[in-house]
Amino acid sequence: MTGLKNQGVPDAGHALHLLRQMLRVRRLEEKCIELYSAAKIRGFLHVYIGEEAVAAGVMETLAPDDAVVATYREHGHALLRGVSAGAILAEMYGHAEGCCRGRGGSMHLFDAATRFYGGNAIVAGGLPLAVGLALADRMAGRQRVTVCFFGEGAVAEGEFHESMNLAALWQLPVLFCCENNLYAMGTALGRSESQTDIALKAAAYEIPAWAVDGMDVLAVEEAARRAVDAVRSGGGPHFLELRTYRFRAHSMFDPELYREKSEVAQWMERDPISLLQGAMEAAGQLPAEDWTALQADVEAEISTAVGFAENGTPEPVSELLRFVYSDRPDDGNGGTGNAEATGNPEATGKGRAAG
Amino acid sequence: MPSLGADMEHGKVVEWLVKPGDYIHKGDLVAAVDTDKTVMDIESFQEGVLAEFLVDIGDTVDVGTPIARITATPAEVPPPSKAPPPEPPPAPHPRAAGGLPEPGAKVPPPVRHLAHTLGVDVGRISGSGPGGEVTRADVERAAAPSVTGAPPRKEEEQPEARPTPAETRRVRSSPLARRLAAELGVDLQGIAGTGPGGAVTEDDVLSAVPPRGQPAAPVSAEKPAEAPPSEAAEPSEPAAPEHVEPQEAPRRGRREAGSKAESLRQAIGALMSRSKKDIPHYYLSTTLDLAAAMAWMQAANQQRPVSARLVPSALLLKATALAAKEVPDMNGFFAKGAFQPSSAVHLGVAVALRHGGLVAPALHDADTLTLDELMDQLRDLVARARAGRLQRAEMADPTITVTNLGDLGVESVYGVIYPPQVAMVGFGKVLEQPWAHNGMLGIRQAAIATLSADHRVSDGLRGGRFLGRIDELLQAPDRL
Amino acid sequence: MKTTYREAMRAALRDAMQRDDRVFLMGEDVGRYGGSFAVSLGLLEEFGPERIRDTPLSESGFVGAGIGAALGGMRPIVEIMTVNFSLLALDQIINNAATLLHMSGGQFNVPIVIRMTTGAGRQLGAQHSHSLEGWYAHIPGLRILAPATLADARGMLWTSLQDPDPVLIFEHGSLYNVAGEIDDDAGAVDIAKAAVLRHGDALTLITYGGTLPMVLDAAEQLAGEGIEAEVIDLRSLRPLDEHTILDSVARTHRAEVVDEGWRSGSISAEITARIAEKAFYDLDAPVERVCSAEVPVPYAKHLEQAALPSVERIMAGARRAVGAGG
């Protein structure tokens, strides 16, 4: 592990990019909280503040046609995978311009263009999907990687173990990223697991696994790059445990009775953004005007996104029953009769007939 | 007051974590708020100086209510003399507001509906049912004395058939039986049920009317009084002799065989009375030039075996069906206060039964049949009508009906519309008549066609066009 | 051509594997063992272990993997041994397969086919015998099929694979050995419409799947008593072909629903409700239902038989409906 100290970063230009990525997530979610408090956004809202280094570091290592499966705390993953802040916010507003046309909301962001498969609000429910996406790539002979994010709470679920086993048994190209923020809602890891070393659980399935400092974006990126390369080159599934911390409550309605404020404060001293910013500043790699400009850029992006979401339109209620079944022109039973084809480029279209 | 969850409607400020004059950073915690679930610290999304509190500790306010004012600089802080504007008391929760008074007793929806229909206030009835439930009988009892003084409230439904409440007795009957009885104008009260638990079934209703008896419009009293209603025309050849008695349908079986001309007469009477009461009839007639049609038919018949010969009725029926297709105001049903045109033409054909009475089953999609198909189906329909073997759909489906009394020597017939249909076409005898054509007087075959139509749906202009169309169509019989 | 339900199903699998190389079969013991009901016997040798893929006992895992593979462009056929075991995969079927299209605003459809056996009658006790297809029919986003005839066993799979959305196929365990004739060139069939397998005007018998042979038998015997029953094979439980049901009831005015599922909150309840809602004024008698007794299916033969629909119970219901005693 490199460890961000005050001696600066090897590639200041790239580090500045990572800093920007983390800041984009941070500012987007701060705005989400504000909009939620103003009742513009409803439903559950789970923010990623404090954990930004994980998504920022891992996403950096992916190719455009790789796939991403995430959880309900996925605003940052969606944004850094390439979904626009405007489409994300509009989705939370329940507007037609949202990335899921208002059908998903905060917990269910999807995007076919960037192969972003959600947005899964069932803990561990996304793991089998990731295994299947990887299986499809393997069977089709494609050199793609599927990255699956989940929290440490998921390791208690049967689907976690079934998925580890299947992926290892079939040597599938999937990278499991466990975002260990120490609490499954309010239940601390030590109160729910007999074995708290999560990487060890993956290792038990013969999956190469590391634990990584999830507050150090450079460390995350380095580990992820190593793992992704191994997966892509046919090394079978890999596993990263990213040790991180959620600074904010589990969701908006959470008085945080389960942890001490001092513990939160302690972790906030290792804020991934401040950490990188501090390291760069100390080594003279982040001139003040660059930092100011960066902040202004990000503020402008989020402000534009809010405007986009605010000015969105509600999907007409006449479209209520749409997307329960695929639109198909010839069927009065299943589909709702809309002609527009579904967007999943892989799940539609003619088979490669074998003759 | 920020919203901390979708189910949070209001919050109570239990503690201020800052004081006026403090400089507030974005994200600073400013107050503790008691929600319905728990106490939460809330943060500021504004940066600046806390100017004033807008609510007091202990105040409960709705989500979205300002609770403090933050200004950009201390200069904007108002002078201390200016008291904070009084917070309006929280609006009473809508659910707490007075709504409809609870009824005094449990009232099942059908009973509530009955009470509404009869104008009875269920709140004043003490129920005699289980657990004090108000029953149908309770409502009827309550309604009975007030009937003379207070007529039932006006409703969209047609009130005409409703018995007085005192007479209302729930007859155990199937939904189909109730629908049929209503269609036939039959009173269920008098019918003994043979179904489960003595329920009146379809068959019971049909037995109360003679088998499959469903009256077509008999000759009306207005015009040719000489035509007795039971002697409606037979449009084609006689039925096969073995089917003289109406036969019981093999299914379900135990309906009494044997026709009761008397009750059929009653049923016809009830239906026709209803028709004349509800339907504002208007009547038109025209004389059809049948020269071309008869000549064409005779020529066609010379090349056919006897069994396949056409009769004039076939041509008249086909022309009527085509005209009905073209003039939709004649073809369909008047129901629930509106006309529903039918895209298909199911032509009702009045068939006299041997034991008296008549039925008017449908030739389905008559406009699409060739003349030969129409002849075949007409023969089959007449035979089955007399054998009592019609299917229900054939009885219920006609969208317009034709009666032809020509074979009896009747010159013109003005029918009574069969509700819910909106038109009835009558044909009289084919006669040789002196006829002026292109300025020359000659002898031609002709017949009088009449139309009885529903003024709620059409008027003489449309009706005239319809009759005219029949005549035109008959001028090109080879295209029928 | 003479065949059995099992052979017809196998022919459908082989045909699909040959026609589309995106198709593969995955499930417990589908390969080496030959399928727990021998449906896939011989296919491993023909298509190899990649496409006839044995899985660990991980219903949620491999059903979810099937969903993921469908998202990734494959056309997986996932076999679950029995509907009882499918409960271990409910999360994947209901929270993912049925919802992804909607949650993603139409971006991600899931073209997966999940096959499983259902039903009782073979003394397998309460954890291998239940008929839970009606539960699945509750879920928007799924198509639920119940092939009951040889033609449907042969033809429904290919059509299901062409469907862009998840299709669940329920194969009643008692049908696998049913033998009969199908056309030599039998192939894909529609999966949206119910079929009227026998015409009659006295009442409508509505059923699907494992109880269809029983209902046809009952209809034959009823005809001997002068009661001509119409028989509807639903074929698809979702979407439900309401039109065929209502059209028949409008002609017969009486209906009897036969369903091996339990009566309470069931597909038979749904059908009955639709008739009551939409054909009320066509009814001349209360709708009859023949369902399984509301107990977990017992082991002992006489108890199991007593719990299940029977020809006798179907006939008794029909007689009540037409008012012919019984």
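Letters A, B and C mark the chains as written, and numbering starts fresh at 1 in each.
We adopt the following convention: contacts are C-beta pairs under 8 Å (C-beta built on N, C-alpha and C of every residue); 3 or more make two chains touch, one makes a residue touch a chain.
Chain labels with UniProt names: A = Pyruvate dehydrogenase E1 component subunit alpha; C = Pyruvate dehydrogenase E1 component beta subunit.
All values reported here derive from a predicted model rather than from experimental measurement.
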item	value
Chain nearest the global centroid, as defined over all protein CA atoms shown	C
Selected pair, greater C-beta contact count between A-B and B-C	B-C
Centroid distance [mean C-alpha coordinates] between chain C and chain A, Å	39
Interchain centroid distance [CA atoms averaged], chain B/chain C, Å	37
Chain A and chain B: spacing of chain centres that average the CA atoms, whole Å	57
Footprint of chain C on chain A - complex, ascending	67, 98-104, 108, 110-112, 117-120, 122, 125, 127-137, 139-140, 146, 158-159, 162-163, 165-166, 169, 322-328, 331, 333-334, 340, 342-344, 346-348, 351-354
Residue numbers on chain B that touch chain A, as the complex places them	2-6, 8, 27, 35, 37-40, 42, 45, 63-64
Residues of chain A touching chain B in the complex	30, 33-34, 36-39, 42-44, 252-253, 255, 257
Chain B partner contacts - residues on chain C that touch it in the complex	201-202, 226-228, 251, 253, 280-286, 320, 322-324
Contacting residues of chain B [partner chain C, same complex]	174-179, 194-196, 199, 201-203, 250-254, 391-393
